[in-house]
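See the structures that follow.
Next come two complexes, and both contain chain A; in the first it sits with chain B, in the second with chain C.
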Partner chain A sequence: MSSTVTDSIRALLAEHARLGVDVASLSDTDDLYTAGMTSHASVTVMLACEDEWDVEFPQQMLKKSTFASIANIRAALAELEVEGASA
Partner chain B sequence: MAEGGAPYTTPDDLRTTLEEAGVFRTTAVDGVYHRSWDWERVLRGVEQHVMGKRVATDAPRRWFPPVMPREEFLKTDYLRSFPDLVGSIDVFDGTDKEHRALLAVLEDGGDWTSHLTPGEVVLPSSVCHPLYGTLPTDVPEDGLDEECSGWSFRHEPSLDPARMQMFRIYEYVRIGTPAQALAHRDEWLDRGLAALGELGLPVRSEAANDPFFGRVGKMLAANQLESSLKYEMVVDLTDVRPTAIGSSNYHEDHFGDTFGLHLADGTPAHSSCIGFGLDRITLALFAVHGVDVAGWPAEVRSALQC
Partner chain C sequence: MSILTAPGTTDPSVLREAVALAHRIGKETAAVHAADVDREGRFPKETVDAFRAERLLGAMVPTELGGLGHDVRTTAAIVRTVARYCASSAMILAMHHIQVASLVRHGRSEALRDYARRVAAEQLLLASATTEVGIGGNTRNSSCYVERVGDDGPGQTFKVTKQAPVISYGQYADAIFTTARRAEDSPASDQVLAVCESAAVHLTPLSGWDTMGFRGTCSLGFTLEATGDAALIHDDSFGDISAQTMLPVAHLLWGSLWLGLAEEASWRAQRFVQKAARKNPGQTPPASARLAALMVTRQEFAASVDSMMTRYEQIQDDPEALGSIDFMVAINTLKISASTEVVDVVNQALLICGIQGYREDTEFSLGRLLRDAHGAAVMVNNDRIAGNTAQLALMQREF
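Right after this comes the complex of A and B.
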């Protein structure tokens, strides 16, 4: 199940993160900022996640590290009880 | 004034002193001031002093008017990040009949501005904003160096004399690769601190964030701080908070992306700027050295040529 959420995260990143590399070449733990995601792009990714799963990230999660990797995003979604996000 | 402390206790104390000395005058609107000639000649001296620090001696210099094209303003994305600070200009574009209707509403004490329409210009929120739309979209390998000066408007009415609604900035801007933009920001931060130190201002740098709006803004601000994208050059003018009199900013590819400026490999160009807040530096000089320019230290007057 969790692979579905990961696939969706990868699709959102491909569309919104403006990475300098192909998202398929990144592991789940690779740093997305190192891969070229800017501050503004990370906000677009955050909003796209909220739309995709109909959730709202609470204030304490609105920080750089939450969106630093595919695994981190999935962990954040798991915390918000998104189905299939828990490992 | 306490030894080593700020020259004033509160922003109110500072404003009152400047007002009583005739350095500037307040108006009916908080944050809108009429400047004296003393203020202006000091400010022009500050601009000359800052301009004397240029390194890229072939960089074009531009003085912008206090309005900019609406379409270019939209490309800055400022409306997305700072909607609460924006100033948009409305104009009357109607007939005689519509003019009479406007006057009738005015006489009734109603909202006459409902008879206006948005003009083709807005007030620039930052001095480098009118620049990007005029640059070549193919950024050369060596990058682009630009200097610009002009007025900025931010709607944040306040009685703090440092929080003016309309103020001038002199900026050194560089557009190029990430490494070129970052080097510009960092080199200019050191150069800027030294330049302000020559004016007798006890200035230091601090990591900072812009006041981005709303939930998204909280994340942008946290990212900006955590990624050390922005540094401010600050000085203690009151005991309440440090006053930023300049800043050095790395924009990443924000303006490159929104204005279609790209590098040879097709990726968006990165940019950075250092802004010297001319009105804020002038304020700091009057706060630190006193309201009588004739009594300022000789080396400061010499640097300002006043």
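Right after this comes the complex of A and C.
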């Protein structure tokens, strides 16, 4: 189950993160900002996640680190009780 | 006093003395040369020399590194005061301080600490090359990159070549703080800030600077070719330096500068009305109502700059709070509101002074002030900042 959420995150990143590299080449813990995601693109990623899982990231989760890696995004989704996101 | 001290601790006597000093430099030097600087579009050398004579180029360097240890509030007060006499000189001082603030807050290596000592001891003037041809004014992307030469460690040097559409007073600066990608294979947003000392910088002009206002900043475009000591590349990424220091300090200092410019226009209008009132005692001058309206705008303007200053002081050492959506929206909004209000105030002052303000040869002339005021929304484009703010607003949450 959990791999499905990770796969969906990867698909969203491929579409919205405007990375300088192929998402497939990144590990779950690689830094997405270092891989070329701008803060602007991270907003788009956030909106896409909210749409995909019908959630709203609360204020305290809206910080750079929440979207810094695939693992971090999954952890955030787990905190929002998205099914299959907890490890 | 250091910019790293607790918030709200600005010593009132330090602030008073700083403002008095800025008035003295303004009256004795900046105002004397302002018209010529504007007409010729030349660097205000006399005023910058006066800053140096008063050690003001090291104002934001902490006292333990030999500087004056001024906080952002004191620095902003000086910029605001100098702006009343020569906005170009005040802008050069503000842009210099923005680089110094980045250096002293993010340059933790011994080499960068030493460089901060030199800024204070030798009164070095710092410029910046943060935009790049083909990037569209977004400072958070670079295409040029830093090439490291030699092994890691002492003796390693760097090389960078950048097409910079603007390097304000570049040819008069002792160093140009330059953004570039961390390495040849880094993405556009993975940037560093490198200190490029003028002795090892070659500048080839790309464009001139014949503008409506802020003509003394000499913000020409250049191809910059630089080499330097790799130890003079800032420790923190430029993304962090920009969000935590460069952007908030820039918006606070610019906001203060435009406020000073607006206050000068406002005082000219007020003196005009007072003069008219003296000629006809007992009769309220026709422009009085406009003056009252102008004072509303001026007070709102001053209050918004002051409230953002207080907010920044409270969180300046908290990177998380500085990077929060709420603060970023607020600090961007300050830039947009201040740059809009400065034009509004000068326009209102012009309607009050009438033909006396429209003429270039009276004590109420507002031509240069109006031209300078229009630079506020254009030199760092409000539409791009509004776009960023709108993007951030998509993430803002009620609480």
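One rule holds in what follows: the second predicted complex is superposed on the first by the 87 of 87 C-alpha atoms of A that agree within 3 Å, B and C clash if a C-alpha of one lies under 4 Å from a C-alpha of the other, contacts with A are read in each partner's own complex, and residues count from 1 in each chain.
In this section, a residue touches a chain if its C-beta (ideal position, glycine included) is under 8 Å from a C-beta of that chain, and two chains touch if they have at least 3 such contacts.
Remember, predicted model here, so these are calculated numbers, not experimental data.
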Review point. After lining up the shared chain so the two structures overlap, which partner does A:Lys63 touch, if you call chain B first and chain C second: first, second, both or neither?
Key: both
Review point. Chain B or chain C: which reaches more residues on chain A?
Key: C
Practice item. Figure out whether A:Thr38 sits in contact with chain B (first) or chain C (second), or with both, or with neither. Key: both
Check your understanding: A:Leu19 contacts which: chain B (first), chain C (second), both, neither?
Key -> second
Exercise for review: Go through the superposed model and pick first if A:Met46 touches only chain B, second if only chain C, both, or neither.
Suggested key: both
Practice item. Could you tell me which stretches of chain A are touched by chain B in one complex and by chain C in the other? Key: 20, 33, 38-40, 43, 46-47, 59, 62-64
**Study point:** Residue ranges of chain A in contact with chain C within the complex
**Key:** 19-21, 33-40, 43, 46-47, 56-59, 62-64
**Study point:** Residue ranges of chain C touching chain A (in the complex, touch as defined)
**Key:** 140-141, 186-190, 239, 320, 323-325, 388, 391-392, 394-395, 397, 399
Review point. Within the complex, which stretch of chain A touches chain B?
Key: 18, 20, 33, 38-40, 42-43, 46-47, 59, 62-64
Point to revise | chain A-touching residues of chain B, taken from the complex the two chains share | key: 77, 215-216, 218-220, 222-224, 226-227, 229, 252-254, 257, 267
